[in-house]
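Each remark here refers to the structure printed beneath this line.
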Amino acid sequence: MLNHELLIAILLLSPLLGFFINGIRFRSSNYLIAGAVATVAVGISFVSAVLLFLQLVDLSPENRRLAVSFFEWMAIDKLRVNAGFVVDQISGIMILIITGVGTLIHLFSVGYMHHDKGVTKYFAYLNLFIFNMLILVLGDSLLTMFVGWEGVGLCSYLLIGFWFSDSAKAAAGMKAFITNRIGDAAFILGMFILFFTFGTLNIHELNGLAPTLVESSWLGAVTLGTLMLFIGATGKSAQIPLYVWLPDAMAGPTPVSALIHAATMVTAGVYMIVRLNPIFIVAPNTMMVIAIIGAATAVLAATIGLTQYDIKKVLAYSTVSQLGYMFLAVGVGAFGAGMFHLMTHAFFKALMFLGSGSVIHGMHEEQDIRKMGGLKKYMPITHFTFLLGWLAIIGIPPFAGFFSKDEILWLAFSSPSGHWALWAAGALGAALTAFYMTRLMALTFWGKSRVDKKVHPHESGLTMTIPLMVLGLLSIVGGWIGIPHVIGEYLGHIPNYWEHWLEPVIKKLPTSDAIVSHQTSTEWALMGASVLIASISAITAYWMYVVRPGSSEKIKKAIRPVYEVVNNKYWVDEAYFSWIINPLIQTSKSLWYYIDVNFIDKMTFKVADMAMGGGSFLKVLQNGNMQQYAMYIGVGVVVVLSFVLMR
Amino acid sequence: MILSGLIFLPIVFAIVMAIWPQRNTTRHVALGFSILEFLLSLTLLQNFDPESAQLQMVEKTMWIERFGISYFLGIDGISLMLIMLTTFLVPIIILAAWNSIEDKRKGFFACLFVLQAAMLGSFLAMDAILFYVFWELSLVPMYFMIGIWGGARRVYATIKFFIYTMSGSVLMLLAIIFLMRLTPEVTGGSISASLIDFYKLQIPFVAGDFFTAQTLLFFAFALAFAIKVPLFPLHTWLPDAHVEAPTPGSVILAGVMLKMGTYCFVRWVIPLFPEATEHYAWIFIAVGVIGIIYGALVAMVQPDVKKLVAYSSVSHMGYIIIGLFVMNSYGVNGALYQMLNHGVSTGALFILIGMIYERTHSREISKYGGLAAALPLFTIAFIIVTLSSIAVPMTNGFVGEFLILLGSFQYSPWMAALSVTGVVLGATYMLWMVKRVFFGPAGEIVQHSLSHKEHALQDLSVREAVVLAPIIILIFWMGIFPNHFMDFSKTSVEHLIQNKMNYTLSWKGDGN
Amino acid sequence: MTADAFLFWFLAFVTVVSGLSVILMVNPIYSALSLAMTMIGVAAIFVTLNAYFLAGVQLIVYAGAVMVLFVMVLMLFDLKHEIQAFTRGRLTGAIKIASVGILSGLIVGAVTMGLKTPVVITASSDVAAAPTVDTTRALAENLFIKNVLGFEVLGVMLLVIAVGAVALSRSKGGTHARD
Amino acid sequence: MLETSIFTEITLNHYLVLSAIMFSLGMAGVLLRRNLIVLLMSIELMLNAVNISFVAFSHYMGKIDGQVMVFFVMTIAAAEAAVGLALAVSIFKRFKEVNIRFFEHLKG
C-alpha cells in the first residue's frame, strides 16, 4: 500500500498539475483533451482519496489521523505554520465528497461545455478549485485552511465571471469575492483571537487546548473568536447577512454552480465549525447565534425561493436555505447531523443543479421556468434523476435528505441547546422547501409545455446523464449510513455508522446524554409531523401548478403586498446598495475631492504661497538699482563695523 | 569591497551611458550593466551570514576627519533584501521601458543608474552624513526622470515631489547635526557621525513633554521619512508624481523609493529614539490605519488607473507603518516582508499599466472594458499581480499583510479590526478596476482597435513576457516559501525587538 | 602753529571742499574739475608725507591721464547738466546718507579713540630720515625686488584691460549687443 | 601741550581722519549720484582716500611697503577708470543715456 504522505501529495498535486496543463494551453478550444486532462486529474485524486479513506478505516478509531507536513510555511516567534495536511474522520469524508462529486461534475462539464471556446480555461479553473478546496479541508492549521478558504473564493470569482464579456456576470463574480472577503476579514480576526488565546493555530492543538469550562460571557475570547469565525462562515456559506452573493453567483456555468455553489465550497463554513467543534462548544452564545441565523436563513431563503422563475435561482435559494439547516444543526450542537446533511445535500443538490444544467442545455440556454413545462417526455433521464433529487430534498423516506434533515430537526428540538422554536422554523422551512421544489418540478417537467416553438428540447448526452444517474443513486442510498436510532432499532439493530465514525472527533454537548435518550415516542411523532407537513405542502404545490395551473396567479393577487416583498427578495440587495455601497462610494468621492484635493493640497499650496510671498517681499530689494545694492553693502559694513567696535 | 562596488558601479555605468556613442545599442548595454549589477548583488546572498544580527561586509574609512564623518558602509538582515529588490527591479525596468523611452535615451539610463546608486547608498550607508548625501542624491535623478520624460503636468508634479521631500529632509539634517554634537559623550571626546555611535547615545526623554531632545529629534526624523513613505496627510505628492512619471520612474518610485522611507524608520527612528517611538507609536499606527482606509477609499473612485494604483500604495504603506510601529516580531517581520511585496507587486502593476498605456495611450478606466478578450495573456498577468496586491494567500502579499495584522492585533485588537477593513476595501477597489478595465462588453478602446486594423491590440510580446515572468515567479515563490526570504532578516529583526531600548550594532571582521 | 601743521590743515580743507563739490555739483564737468582739484590736493598731501615720487605719479596719472579721460568722455557725451542728478527715493536716500554718516563717524571715532598714542617713528625708518632720492630708490627696490611678481601681474593686467577697453568701446552695441 | 597738540602736532590720526572723510564723500557720491561718470569719479575719490592712509601709515611706520601698495592702487584705479569709461561709452552709445536710473536690468 502506498504511504499516506505520497497519497496526500498525489491527492493535492494531481488537480494542480491538471490546472497547469490546461492553464498553459488555455487558448485551445479542444474540449476533449481539456476535459480528459481535468477529469483524469480529479479522478486520480478521487482514487487517492479512496485509498486514504481505506487506510483511515484500517486504523483504530482513536488514532484515525493521517498527518503530513511538507514544509514550514511561516515561522515567526510563536507562530509556526506548516504546509501540513491531515486526513481524519471529518476531512476524510470531505475529500471523498469533493473528489467524488468533483469527478462527476468534471465529467458532466465535458458534455455541457463542449461548445464553449474557453473550455480549456474552464477546466483549468475547475481543477484549481479542487486543489484549493482540498487544501481547505486538509489544512492542519487555521491558516492553511484559510489559504484554501480564500483560494476557493478566488476560483469562485473566476468561474462566476467566466463569461466575463457580460458585465452583469463579471459583476456577480466581483460581488461574490468581495462579500466573501468581508467574511474573510472577520475570519482573520477570529484566527488572531484564537491565536493569542491559545498560542497556536494548529487545529488539532486548538481542539486539544479548548477549555472544558463553558464560557458564558459575550466578550470572552473564545466567544468573540468563534463569532468572528462564524462571520467568516456566513460569507463563505451564504448565510444572513452575507448570503446575497450566492444567487448572483448563478451567473457562472451550471456545473460550477453544482460543484462550488452547492456541493463543496459553500459548505466550507459548516465544515470549519465542525472541524473546530470542541472550541465552538465552549461558547454557547456563539452556538446560539449560529442556530438562530441558520434557522432564519433557512426560512428566509426558502420564502424567496417560492417566487423565483429562474431555475437556477430557485436552486440557489434552496441551497442557501439548506445551508441554513446545516448551521442550525451545528448551532444546536449536532455537528454530526450537520456534516451528514452536508454530505446528502452535496449529493442531491449537485444532482439537481446538474439536472437543471441538463435542462438548460437541452433548452438551448433557457433558464426561465415559465417557458418550460412538460419536459418529462423530452428528457426522461433528466426528469427521473431530478425526481430523485426532489424526493430527497423534501425529505421523503427513505431518500437521503429525509435522514439528515430529520436528524437536524429532531436535534433542534431535543438537544440541550435546542428549542421548539428552532424546530418550528426548521419545519416551516421544510414545508416551504417542499412547496417551491414541487413548483419547480411542476413548472419544468410536468404539466403542459410552454416551450417556444423554435426551441426543440432534447435529452443530453451520456457524459451528462451518467453523472446524473450516479448522483441519483447516491441521493437514494446516501442517507442509509446514518439511520436514526429509533428507525434502526425498529428495522432490526441497524447501527448508525455515521455517528460511530465521527464519534472520536465530535464533542457532545455537556448534558446531552441525559435528555436525548428515552424519548422515542416524541422522536417518532416529530418525524411523522415533518414528513406530513412536507407531503401536504408538496401536494398543495402539485395541485396549484399542475392540476389547476391558474390558481397560483389568484393567490398571488390575493396576497399582493406580501408577494411583492418576497418577490423583491426583501429588497436586501437594494438596501445594501443604498445604505452601504452607495454611501461608501459617495464618501470616497468627497474624501478625495474635499480632503485630498481641496484640503491637503490647498494647505500645501498655502505654505507654498507663503514662501512665494516671502520671496516676493525680498524681491523688492532686488530691484536692479546698482546704487541700492551699493547701499546694502554700506549698511552691511556699518552694521558689522559697529558690531565689532561696540564689543 | 562588494558594497562599494555595488554603489559605485552604477555610477560608472551612468558615466558610460552618458557618453555611449551608439544610440541603437544604448538599451542593450544598459540592460547588460543592470544585470551585471544584479549578479554582483547575488554574491551578497552568498557571503551574508543570516545567523548574525550584526553588520557585515563593513567598509569604513575616514572621510572628513574634523567632523568625524566617515565613509561607512555595512549590511545587515534589514537592508539586505531591499538591496536585492533594488538590483532586481532595475533590469526589469530597463527591459520594460525598452520602447517607451524614445528620446534622450542615454540621459535616461544615466539617470536610472545614478538613482540606483543613490538608493543603494542610502540603504547601505551607516554614517549619518553619508546617508544624507545619498538620500538627497536620490531626489535629483528622479526629478529629471519625471521632469524630462514625464507626462503633461510633469513640471507641477516634479516641483511638488521635490519640495515635499526636500522640506522633510531639511529637518532631518538639523537633527543629524544635533545628534553629532551629542556624540562626544560616547566616543570619548571626538565628534562622530557614525550611526553606531548614535545608537549608543542615551538621549533624554520626558514622557508628555514635547520639547525634549528625544521627542523633537524623533519627530524631525519621522517627518522626513513620513513624507517619503508617504503617510496619510503628507501623501498628495505621490499620486501626482506617479501619474506624471514615465513607467520606469513610477516603478522605481513605488518599488524602491517609498521603501527608503519605511526602511529608515527601522534603521534610524526606532533604534535611535526607542522611548519616543514607544510613546508616540500610537500616532503613527493611527495615521497608518487612516492611511489604509483613506487610501483604499480614495483609490476606489479614481478615474485614472495609475492614480488608483498610486493611492493603493498609500494604503499599502499604511500597513507597513503599522507593522513597524507595533514593535513586535510579527509586525516588524511582516512590515519588512511587505516592503518587498509592495515593491514587487506595485512595481509590476505600474509596469503592466505602462504596457497598456503604450498600446492605447489612455489610462482612463471608463474608456476601457472588455480588454480580457483582446489581451488574454496580459489579463492573466494583470490578475495575478492584482491578487498579489490584494493579498490572496499563496501570493506574497498575504504573508506580509497577515503578519502585520497579527502584530497589530497584539498591539491593539481594535487597530487590527480597523485595519482589517483594508483587506476588504483593497479587494474592492482592485477588483472593481479589473472588472471595469478587463471584463464587460468591449469598451471604447477595444472597439476602436477592432474597427481599425492598424490599431489592433497586440498581446504580450516575448520581451514583455520576459519582463513579467520573473515577477510572477517571485510573487508565488515569496508567497509559498516566505522562509527563503525571511530567514535573512529574522535574526536582525529579533535583535531589534529584543534590544529595542538599548539597541546597538557591531560588526565582525576587519575594520576599526 | 608750525608750517607743517598749517600746510596740513590747508590741504585738508582744500581736498575735502573739492571732494565735496565733486559729489554736489550738478554739472558733471564741474565735478570733474573738482576731482582734478582733489587729486592735486592729495598729491600735495603726499608731498607733506615725504612721498615725492608718489606725488609726481599722482599728478601725472590722476590729475593728468585719468582726468583727461573723464573730461573727454564727458565732452563726448555732451552733457551740460542733468535733470535728476541725485537719487530720488526718500527712504533709501535717508538710509544712504545715514549709513555714510555713521560709517564716517565710526571710522573717525575709531581712529581718534583707537590710536591715542601716536605711532613712534622708528630709528631705522627708511622714509622719514632719508632724502628725496633715497625714498624713490627705496620704493624702486621694494617694487622691483620684493614685489616684482605683483608688478608684472599688474603689467599684464593693464595690457588686458587696455585691450578690453578698446574692445568694449569699439563694438557696435557695447555690452548690450543683440545682433 | 596737550590742548594745542591736536592743531599743532600733525599725527597719523589726522591723516586717517582726513582719509575717512574723503572715503565717506566718495561713498556718498557712489550712493547718491546718478550720472555714471560721476559715479566713477566718486570711486576715484574713495581710492584716493585709501591712498592717503597708505602713504600716511608708510610715513609714520617707517615702511616703504605702503607706498608700493599705493602704486598698485593707482594702477588699478587707472585700469578701472579705463574699463568703466569704456563701458559707459558703450552704454551711452546704445541708450543715449548715462543716468543709471535706466539701467535696472539686474532686477530679480
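By letter and in written order, the chains are A, B, C and D; residue numbering begins at 1 in each of them.
Everything that follows uses one rule, which is that a residue touches a chain if its C-beta (ideal position, glycine included) is under 8 Å from a C-beta of that chain, and two chains touch if they have at least 3 such contacts.
Bear in mind the structure is a predicted one, so any value in this text is a computation, not a measurement.
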Chain occupying the most central position, where position means C-alpha average: B
Interface with more contacting C-beta pairs, comparing C-D to A-C: C-D
Length of the line joining the C-alpha centres of chain C and chain D, rounded to whole Å: 5
Chain B and chain C, separation of their C-alpha mean positions in angstrom: 66
Geometric centre distance via CA averages, chain D-chain B, whole Å: 62
Inter-chain centre distance, chain A versus chain C - centres from mean C-alpha coordinates, in Å: 102
Residue numbers of chain B (touch at least two other chains): none
Two or more partner chains touched - positions in chain C: 87, 96, 99-100, 103, 107
Overlap residues in chain A, where contacts from two or more other chains coincide: 627, 631, 634
Pairs of chains satisfying the touch condition: A-B, A-C, A-D, C-D
Complex contacts: residues of chain A adjacent to chain D: 619, 622-627, 629-631, 634
Chain C residues touching chain D - in the complex, by the definition given at the top: 1-2, 4-5, 8-9, 12, 15-16, 19-20, 22-23, 28, 31-32, 35, 38-39, 42, 45-46, 49-51, 53-54, 57-58, 61-62, 65-66, 69-70, 73-74, 76-77, 79, 82, 84-87, 93, 96-97, 99-101, 103-104, 107-108, 111-112, 115, 118-119, 121-122, 124-128, 135, 138-139, 142-143, 146-147, 150, 154, 157-158, 161-162, 164-166, 168-169, 171, 173-176
Chain D - residues contacting chain C, complex: 7-18, 20-29, 31-35, 37-38, 40-42, 44-45, 48, 51-52, 55-56, 58-65, 67-68, 70-72, 74-79, 81-83, 85-95, 98-99, 101
Complex contacts: residues of chain C adjacent to chain A: 87, 92, 95-96, 99-100, 102-103, 106-107, 109-110
In the complex, chain A residues that touch chain C: 627-628, 631, 634-635, 637-638, 641-642, 645
